[in-house]
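As structure tokens, the structure follows; a few thoughts come after it.
Labels run A, B, C and D following the written order; every chain starts at residue 1.
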Amino acid sequence: MISPSKRTNQVSQTEDRRPKTEDGSSKKRLSSADRPPAAGRADLPRPLCGIIPPMVTPLRDRDTLDEAGLERLLEHILAGGVHGLFILGTTGEAPSLSYRLRQELIERTCRQVNGRLPVLVGITDTAFVESVRIAGMAAEAGAAAVVLAPPYYFAASQKELLEYLGHLVPQLPLPLFLYNAPTHTKVVYEVETVRRAAELPAIVGLKDSSANMIYFQRLLTQFRDRSDFTLLVGPEELLGECTLLGGCGGVSGGANLYPQLYVQLYEAARSRDLDRLAVLQQQIMRISNGIYCLGSSGSSYLRGLKCALSILGICDDFLAEPFQRFEPPERALVAQALRGVGLLDGPEAQPCRSKP
Amino acid sequence: MISPSKRTNQVSQTEDRRPKTEDGSSKKRLSSADRPPAAGRADLPRPLCGIIPPMVTPLRDRDTLDEAGLERLLEHILAGGVHGLFILGTTGEAPSLSYRLRQELIERTCRQVNGRLPVLVGITDTAFVESVRIAGMAAEAGAAAVVLAPPYYFAASQKELLEYLGHLVPQLPLPLFLYNAPTHTKVVYEVETVRRAAELPAIVGLKDSSANMIYFQRLLTQFRDRSDFTLLVGPEELLGECTLLGGCGGVSGGANLYPQLYVQLYEAARSRDLDRLAVLQQQIMRISNGIYCLGSSGSSYLRGLKCALSILGICDDFLAEPFQRFEPPERALVAQALRGVGLLDGPEAQPCRSKP
Amino acid sequence: MISPSKRTNQVSQTEDRRPKTEDGSSKKRLSSADRPPAAGRADLPRPLCGIIPPMVTPLRDRDTLDEAGLERLLEHILAGGVHGLFILGTTGEAPSLSYRLRQELIERTCRQVNGRLPVLVGITDTAFVESVRIAGMAAEAGAAAVVLAPPYYFAASQKELLEYLGHLVPQLPLPLFLYNAPTHTKVVYEVETVRRAAELPAIVGLKDSSANMIYFQRLLTQFRDRSDFTLLVGPEELLGECTLLGGCGGVSGGANLYPQLYVQLYEAARSRDLDRLAVLQQQIMRISNGIYCLGSSGSSYLRGLKCALSILGICDDFLAEPFQRFEPPERALVAQALRGVGLLDGPEAQPCRSKP
Amino acid sequence: MISPSKRTNQVSQTEDRRPKTEDGSSKKRLSSADRPPAAGRADLPRPLCGIIPPMVTPLRDRDTLDEAGLERLLEHILAGGVHGLFILGTTGEAPSLSYRLRQELIERTCRQVNGRLPVLVGITDTAFVESVRIAGMAAEAGAAAVVLAPPYYFAASQKELLEYLGHLVPQLPLPLFLYNAPTHTKVVYEVETVRRAAELPAIVGLKDSSANMIYFQRLLTQFRDRSDFTLLVGPEELLGECTLLGGCGGVSGGANLYPQLYVQLYEAARSRDLDRLAVLQQQIMRISNGIYCLGSSGSSYLRGLKCALSILGICDDFLAEPFQRFEPPERALVAQALRGVGLLDGPEAQPCRSKP
């Protein structure tokens, strides 16, 4: 990790906020660790616009990465023309993964991406110290930024959230995106809290997964004059409208599956091609209705998405506890939905999955 | 960890469920680790009755134990005649602590307790693997049992909860108490789920912190014929009635502060001395109203309890993020409440706290 | 409405609380009404202790009372030795009934009861004016008190609740019980709000249906020195413990069905006969588990209770929208539960119900 | 009620939906009523597109209409070029008003509107019978349709909701809009429920106030091929995007205050003039942030909106319980916000309000 004095100088400018990898300032730690050299790191655009898929974590078992699946998934996503990658978010099942596996995933991902686009790493945790630790891993591996939802066991007040951010942010070696995810965390980053937190230069944006568009509209209004501040939307069903309205793009789970579609929709929204947007939106709603809404609501999105990736031969559909992969009946429905959006021809050939 | 075949034999009897410390079966792991010999281990009564304080975690900083405070706190609690000790629960701020510190706390606590009473260790986690890991630390250190609330980021369905328990329990080296804490986890262990989970012999009891007494009454009815199954209540305001009605006792936070009071109330309830119970209940309500209800609701219990312990010179009042210690005005109110229940004479002499 | 002097004897400070008609009395309104003379009115004890069943409203159709069923139900309840009667509460489906039918029910009930015990009438409404109007009907018919949960469409703050009570109470011609029912109203009467509201002399008690016993304990502590203030508990599963702990008794739905059982449990609790209490509690849990928990949770209590009354030949099981009576499979389970508690011998003979 | 033949022209499939009186007509009831002749009735377009303001109910006291204010408000709204009018919704404080006053409001409004645009009347109620009764008043007065949120005391399941609608709709004399308002009713009309309910020909549309745009997108997808089915959005902050995406328009509270602005924004969205939309959206956000967000959240929208209307001299700012009008400090902030959007020049001249 870089020295405090150095970091202090750096927070005012984005490009300096990361640990150095070329001038040797962080080499010492790298070399002392028994690890491969850090991967290339992509610059973090300010704002960060486009499609930043929240990557699924391919697993063969609850503590074993599906390594081949990860490689395929990464190349599949990158081939789709996306603008960034977000690992260890909700879609990545981060809270369900061991820290060891999280580290492995960070390192493998950054190495394979190798600077082709900025990698964002989720550091949300109930423990301050663990968030800092993962952020360190991310910086060392070559990630471009970190992403943080509120601590999710104890429900902090807005005042407590601001104090928490005030303590945490100076300890982070990378720029930070806030992540509003009240369904999972019970706590909202209220607009006024975001406004005040954004006075910290290291906080460069926010991803909103609340699906509450009044909230998002208030954020757009609040940050109207901060062209460098990134506002991204989580739910892909809202990607089009958020982009049309002035948002920077989306962290769209379906871009694991069909990255081109989300990139095209983003581009249609940016170019204000409303007719094309409407056509593409229908495809996205077909994915949402056909793949994410089967079975019990809490886990259906994750189960459906991993199931679809497995059917397409990209990666395993193992889910970390407390969730379980779909059974054959739901799997057949997912396959049918994939046919409906043109991602699957004929029968599912080779199921990509570990032994049940 | 003991071998599966051994564990299979052991789950039918409590005393065999732990890794051996005397016959050498787990010495290998102990000796290979660079750690002091395991402490004595107390037997786990079936059921476990009485007062099992959920120990506060004394901190000097967010990742530094207040070691002297921990020693004082432990002896203070044990001197009060309690019947067990629960560390790394909600009151222990477990989710806010690093894993390193959790391990240190487990080891220090078990070593100091040294078999004087059974130590229960919270292993609640969003990550299956980390729960197993902490359970391993607990077993190695000499704990008597572990305690588990549902994973608290993703909200599992009851079916998913049962599958999760079905996978997890066989990997635990110690008997397990379920922990119903819906305010923090968003998920309830429904009565039917508890009934089915309790068919696993390693699940030996449940602690309920819901404050919903219909739920507790249903549990009492459900386990009427399972005299070995422990039902404990979390909120100390309900300790008296739960014990009167047939519950086994309580995991009462105030027993960090005033263990004798809770033990006396428990005994009054057991001996059905309703007049004495009423008098003691008033003391407990004074603590509850005077110390736990100041300031914003989410954190007021924890802040008040640590503040009171600090005023009494027992341990530091530092709280791990996302919470902060009380400021002087609230501290003065806590001191006043302590005087009201006879725990403090005159002014606060020596504040026990780290630098703000 | 009875004359002021009569009521004055009963509730000393309430006589000025009613709006006067222009000539300073309420005679005019009474004489102009084309109604039978008011029924006898029972004194309202202060506090009101014992079992006060929340009466089911027997219906033949959504706007038609089951008149014969109402007569049978009233005599069945009164024969059980209860201490009061609460009509138009949640169990009485009040919000689902037309105002015309509510008025008819108030008048018929009061006439038939004819002063044999105090009748409490629910006046909870989203509209201030309608609450006052129903309270007027209640007073005129001979009710002893009215009962009020917070307005339940708009969620008022505690400050707004106090203002609302400050405006409403002076317009009520009868003493008032507050009714805490957050599941249905979204709003809690917080303890401090109750404390301040209880400074209004016309507010004579509170019924708590929250099932949160910490809340109830705080109320008991708050009103320890107000021996005239009535604290009743809603859920019958908690009747025993609340009475043991110093509460006044319960508003127990099951007392529609088996009033003796609830009276006996109340008496066992008052006489601190814990062994007998435990036996009776088991009966109450059998009713709760066997009759109130079938099918979807929102309506299962009401459907089960009405179904049981129908099976026993007491009244029709028609439910006002948005609920529907049980189908035969659930009805068979209810019959089985009634056999389990000794209320039904052999098969169900004569179903008491309107045509489906 | 207008004659069947008249209504038949307006809403082709509704003529048989009303309960017939015994002689097969409804003339008898009309002649027996001591009321002025029904007002003109506007046709109900299918779908209904544009701005349909949810009218504030001007009050001088809790049961007294501000008649002059109502006249001014209606002409103010109609002069703004809106496309319909919705009375007795949430913004109209319907649940807080007596039935007598609701009837008076329906009659006065319809008479004054006199067919200039379609009037929609809220009939949401916890009591089936009262909903039918208000619908009858609405039909008789010349309203074009009625609007219904789920019953809001008891939380119905989706199955129960469908049964409820199946019973209620045949008794309604006018076409029906569903109203999704989960904040107030606790219950959502799920998309599948709406799909099935919409098979009833009398159900012609839905207004969504959930602010959950995933839900709205799913509805848009569901009703893509039902060009006659109206989908309107409640929160005005979302009017632009919902209209852009294919919704029919909005039920915008701010259109009480500044109807032209909402009409212009609607037109900009329909003509896909995104630049103009962005400018107008800023005005709407200024109103939202400056007027609706002062003070406690539950009532701030209603208090702010009525306060603004009072400042502009349009109508009284009295609110029915459980809410209270703003005090001078908030009033000054509202005035400032009105200046900010160009609705107020200089100081507030003549406060339009009843005595406090």
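The working rule: a residue touches a chain if its C-beta (ideal position, glycine included) is under 8 Å from a C-beta of that chain, and two chains touch if they have at least 3 such contacts.
For clarity, every value in this text was computed on a predicted model and none was experimentally measured.
*Asks:* Common contacts of chain B and chain C?
*Replies:* Neighbours common to chain B and chain C are absent.
*Asks:* Considering only chains that satisfy the touch condition with chain A, which of them also satisfy it with chain D?
*Replies:* Touching chain A as well as chain D, we find no chain at all.
*Asks:* Could you please state the distance in Å, as a whole number, between where the Cα atoms of chain B are centred and where those of chain D are centred?
*Replies:* 53
*Asks:* What is the distance in Å between the mean C-alpha positions of chain C and chain D?
*Replies:* The mean C-alpha positions of chain C and chain D differ by 35 Å.
*Asks:* Across the complex, what residues on chain C touch chain D?
*Replies:* Against chain D, the touching part of chain C is residues 62-63, 90, 93, 95-101, 126-130, 133, 150-157, 159-161, 163-164, 167-168, 184-186, 296, 298-299, 320-324.
*Asks:* In the complex, go through chain A and note every residue touching chain D.
*Replies:* 211-215, 217-218, 221, 224, 235, 237-238, 240-241, 244-246, 272, 274, 278, 281-282, 285, 288-289
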